[in-house]
Amino acid sequence: GIGKTDKEISAVRVAGLKGPTSIGMVKMMEDASIGKSALPYEFSIFGTADEVTPKLLQGELDIAAVPANLASALYNNTDGAIQVIAINTLGVIYITEVGDSVHSLNDLRGKTIYATGKGTTPEFGLRYLLAENGIDPDKDITIEWKSEATEIVALLKENESGIALLPQPYVFAAKAALPELRVAVDLDEEWTRLENGSRMVTGVAIARKDFIEKNPDLIRDFLAEYKASTEYVNANISESASWVEKFGIFQAEVAEKAIPYCNITYIDGSEMRTAMEGYLNVLFEQNPKSIGGKIPDDGFYRAG
Amino acid sequence: MEIRVENIRKRFGEKIAIDCFSAVFPVGGTTCIMGPSGCGKTTLLRLMMGLIEPDEGTIIGMPERKSAVFQEDRLCENFSSVANVRLVCDPHVTREEIIGNLSEIGLGESLFAPVHSLSGGMRRRVAIVRAILAESDIVFMDEPYKGLDAALKKQVVSYVQEHTRGKTVLIVTHDEKEAHDLGCGILLMPANGPEEDKAPD
Amino acid sequence: MAALALGRSLLLVSPLDVVIRLARLSSTGSFWASVAFSFFRICLGFLAALSAGMVLAFLAARVKTIEIMLWPYMAAVKATPVASFIILCLIWIGSGGLSVFISFLMVLPIIYTNVLQGLHSFDPKMEEMATLFGVTPLRRLYYFHIPQIRPFLLSACGVAIGLSWKAGIAAEVIGIPSGSIGERLYEAKIYFSSADLFAWTAVVVLLSIGFEKMFVALMKRSFDQMEKI
Amino acid sequence: MAALALGRSLLLVSPLDVVIRLARLSSTGSFWASVAFSFFRICLGFLAALSAGMVLAFLAARVKTIEIMLWPYMAAVKATPVASFIILCLIWIGSGGLSVFISFLMVLPIIYTNVLQGLHSFDPKMEEMATLFGVTPLRRLYYFHIPQIRPFLLSACGVAIGLSWKAGIAAEVIGIPSGSIGERLYEAKIYFSSADLFAWTAVVVLLSIGFEKMFVALMKRSFDQMEKI
Amino acid sequence: MEIRVENIRKRFGEKIAIDCFSAVFPVGGTTCIMGPSGCGKTTLLRLMMGLIEPDEGTIIGMPERKSAVFQEDRLCENFSSVANVRLVCDPHVTREEIIGNLSEIGLGESLFAPVHSLSGGMRRRVAIVRAILAESDIVFMDEPYKGLDAALKKQVVSYVQEHTRGKTVLIVTHDEKEAHDLGCGILLMPANGPEEDKAPD
């Protein structure tokens, strides 16, 4: 695929992961499957980012939806072989509770939280937000890190009142197993409330830099269609949910309830850059390795 | 007192190993068993040892404590002669006793070498000492003296006779001279059914 | 005690629920498609490793240099955690072939080590006999080596088939190829659906037992057959 | 070819980088703490499984009913994917003990199956001899069974030690107990730090090889010692 | 023409198995080797077979193609008599020929049973037929007739004599009568060094 120009391309090859970051594309996928999309697409859904990144670098894929910090690490580790073209998902991490004692981050003082995602976005995000709200994440509260969301649900089931940090779609899966579970704090909301221009970015779309350079029009068309697709999905939840299942992202039942809380968005251009830079800064301060060792330079962002 | 084998019959699948055979063995004495190859001598011993069950017939009067020199040596290959003998001895049999017995029939040089490095005749002698030193009232010996030269055989025979005094001893042999020299009763086993007509000579 | 109770409440399904779920699942076409998908790949990995392991063991038994040269590779194949090379695997063979490869890697050292040990423990007296009579390599194989490795190969297969399923399904849970048992397990896990989880686990164990029983019986029969000439 | 090149470029580290990284790592105290943490747990799992597997195999060889009763358990232990019971394990034994348990589960069926096969392939003529002479069970063990299982146990250990490391480290990568090699691998993976990834992988393989060499040599020596009485 | 064994010496670790032994064997004839148990007869055969190397001394004039009846039978236990013989035969030896040979010495009844189910004397005969049917110029026989009864032995001896005409045959035996009956040269091996003083009688 490397080296082809606009005219030679038979299809734009797009990849997504099984998870919220792919939901925004389902309308496009549906259109493509019935031949109604503006561009010829070839979509594929993968189980793990480990499989997507090499394919992308190898030129077997053109565009992929991946976690935000992965995009940065990939950029830093490949001397800028990729660019971020849009943010597609914002924070999907929630503090949930069985009981009714937590309504803000401040209520967490002195409590114990079960959490997944040590060393990744949930940990960095939580610690950042706690610190910004004047809570010392090491002294004022106890965080018990677990490696599996399932284990947390089991623990919640045992306790009369338990607090857990969970990402989507686990929150909804957990609610199905544990109806009294309540979303207490939306970390994304807390983040936005800081009003420093950064956002809690979860998922982004990235593309190969050489693909972008050789096919500027294609990218523009793709982004336009992507934006429309995202808007459509947020507006037509149940129809989109059925597509989520159809394309093997996850079950429709879960999707239908989860979509409104999955923070599916479309942000590009300079707004994307500000949101992203702020977010990466937070990660960098907590652990430079998590974003590939350094804050990515200008070349990381596709100029809108 | 005597050991009675009555109308015993044993088949292995199609093969009839022993076909309706009876015999009486005097307790406390030595009996030689002779017969053509494949007539069922080893099978008879195994039946009397209680290792296999007869299809028909009974065996009466077998003592409890048995020992044997098997047709093959059946030694623990990687262990020494002394260890092989100790395997079957009561705890009260001392190491000196074992070494003494082995030395008595010319194995004093190879007491601690693994038996797989011994010569055929040496292995045979280890098997004989093992059968002698095991606590027993009856000793089965399936061609015990094969592989021993004439001089050695004489020595071993007298060793065995001395140490089995008062015990019941059954010896399978193909050597008529040997049987006569032992001066004991001889039991001739006929070639069994199907092989009979093809028996050599 | 508390942990035990916790575990129990987590299961939240009775064995009956699992059986019912299993019955329902097995009446769908996609169930059988998933079974076929995973069965085919894992058995392919197992059979490839069986052949490769035997060939390598025979070569190593014949030429000591080969054994010495293979040793570090086998040690690495045995001990390297999957996490360390999963990325390379996904690049080179993709998630669809991952279970073939991982099941191959799990089985190979088991077969190799056991068969080699079997060949090494060959009776030197029989070896002498064969040398003296100038028995050809092919006949040696047939008369000595195959009977000799029989118990080693049987125990290797007995353990390797089970482990190939364990490892193959684990690979599927990582790579999540569409239409595999691993994908179903993955989904059951993220949706906290214990009934599904146990139903699919039962399927895996049953498939493994079935294949093992069949394969070992077949192998015993062919061994017996070979001795009847 | 392209895939190969890509693999190489993704690695982004030369073997030299890895060696340098390894040298740097090994001069820190936390390196040795991690090594000790994982080594201790994985070996514990291995040794426990070795003992349990041998005891069970001896029981099963003596009493056919036990063998039949154990069969489904062993089949399940062999084939059940870790994903299916990881949650229960995490709850019951926590992430610290997980590697002990998973390494135990990996090793148990290998030891059990091999030793049982060894005991089954015991020469019936020697069995007759032992019966006739009324050899005591303890002496049978010493004279017959231990020499008999020797090659089977050696090959089982040869393969099981490697696999116990593979499985144990995999369990640590899942459970991420603080201060374990698995945690280091996990970090190396999520931060795309290839030099660390390969350095730690090399550590695992070297530890496994070292332990295997030592343990098998020790075992051979004790076997030889036992025959010298 | 003759086969010359010159000043041969062989030790296993500490143990001296053969201490400076020389002998000459006529090619195309039969020679009996006799000597006390443990004097190194089997070791001499193994040296001549080329299975082990002497520490000192040389062996000259050994033909290429060899066959043997080993002191133990060394059969493939789970295979039949016919299969055991076929193992060593050239492809041109037919199945009928094998069956004919086995039947000639009384094994016609047990052609296809696995040899582990045969009696001691039957197994010995299988080993003998195997040595005879293998293409060879020299046949080594280490106590070939042990475990055979008198009548059978006569039959087997004449079978062997007939089929080894013109070949060099070395027979280890402990039976002086047997050696004389064969009417061949007899080589007496002395008990070797350290064992000498303890040699029986």
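For clarity, chains are labelled A, B, C, D and E in written order, and residue numbers in each chain start from 1.
We adopt the following convention: a residue touches a chain if its C-beta (ideal position, glycine included) is under 8 Å from a C-beta of that chain, and two chains touch if they have at least 3 such contacts.
Given the structure is predicted, the values throughout are model-derived calculations rather than measurements.
**Student:** Hey, what chains does chain B share as contacts with chain D?
**Tutor:** Of all the chains present, none is in contact with both chain B and chain D.
**Student:** Between what two chains do the most C-beta pairs come into contact?
**Tutor:** So the chains sharing the most C-beta contacts are C-D.
**Student:** Using mean CA coordinates as chain centres, what's the chain A-chain B distance in Å?
**Tutor:** 84
**Student:** So how far apart, in whole Å, are chain A and chain D when each is placed at the average of its C-alpha atoms?
**Tutor:** 39
**Student:** I'd like the Å distance between the centres of chain C and chain D, where a centre is the mean of that chain's Cα atoms.
**Tutor:** 16
**Student:** From the mean C-alpha coordinate of chain D to that of chain E, what's the distance rounded to whole Å?
**Tutor:** So the centre of chain D lies 49 Å away from the centre of chain E.
**Student:** Counting only residues that touch at least 2 other chains, which ones in chain E make the list?
**Tutor:** Where chain E meets two or more other chains at a single residue, that happens at 72.
**Student:** Hey, what residues on chain A touch two or more of the other chains?
**Tutor:** If we look for residues of chain A contacting two or more partner chains, we find 54, 58, 150, 154-155.
**Student:** Could you pull out the residues of chain C that touch at least 2 other chains?
**Tutor:** In chain C, 6-7, 10, 87, 91, 186, 189 touch at least two other chains.
**Student:** Write out all the pairs of touching chains, ordered by chain label.
**Tutor:** Here the touching pairs of chains are A-C, A-D, B-D, B-E, C-D, C-E.
**Student:** Inside the complex, what are the residues of chain C that reach chain D?
**Tutor:** Within the complex, chain C contacts chain D at residues 3-4, 6-7, 10, 72, 74-85, 87-88, 91-92, 106, 109-110, 113-114, 116-118, 120-121, 151-152, 154-155, 158-159, 161-163, 165-166, 169-170, 173, 182, 185-186, 189, 197-198, 200-201, 204-205, 208-209, 212.
**Student:** Which stretch or stretches of chain B touch chain D in the complex?
**Tutor:** Spelled out, the residues of chain B in touch with chain D are 46, 49-51, 65-68, 70, 72, 74, 76, 78-80, 83, 86-88, 114, 130, 134.
**Student:** Considering the complex alone, what residue numbers of chain B touch chain E?
**Tutor:** 12, 15, 34-38, 41-42, 71-72, 105-106, 108-110, 113, 117-122, 125, 142-143, 146-155, 174-176, 194-195, 198-201
**Student:** Which bits of chain A are touching chain C when the two form their complex?
**Tutor:** Residues 18, 45-48, 50-51, 54-55, 58, 149-150, 153-155, 157-158, 169-170, 173-174, 176-177, 248, 250-251, 254 of chain A touch chain C in their complex.
**Student:** Applying the document's contact rule, which stretches of chain C touch chain E when the two form their complex?
**Tutor:** Going by the criterion above, the answer is residues 125-126, 128-129, 131-135, 139, 143-144, 147, 227-229.
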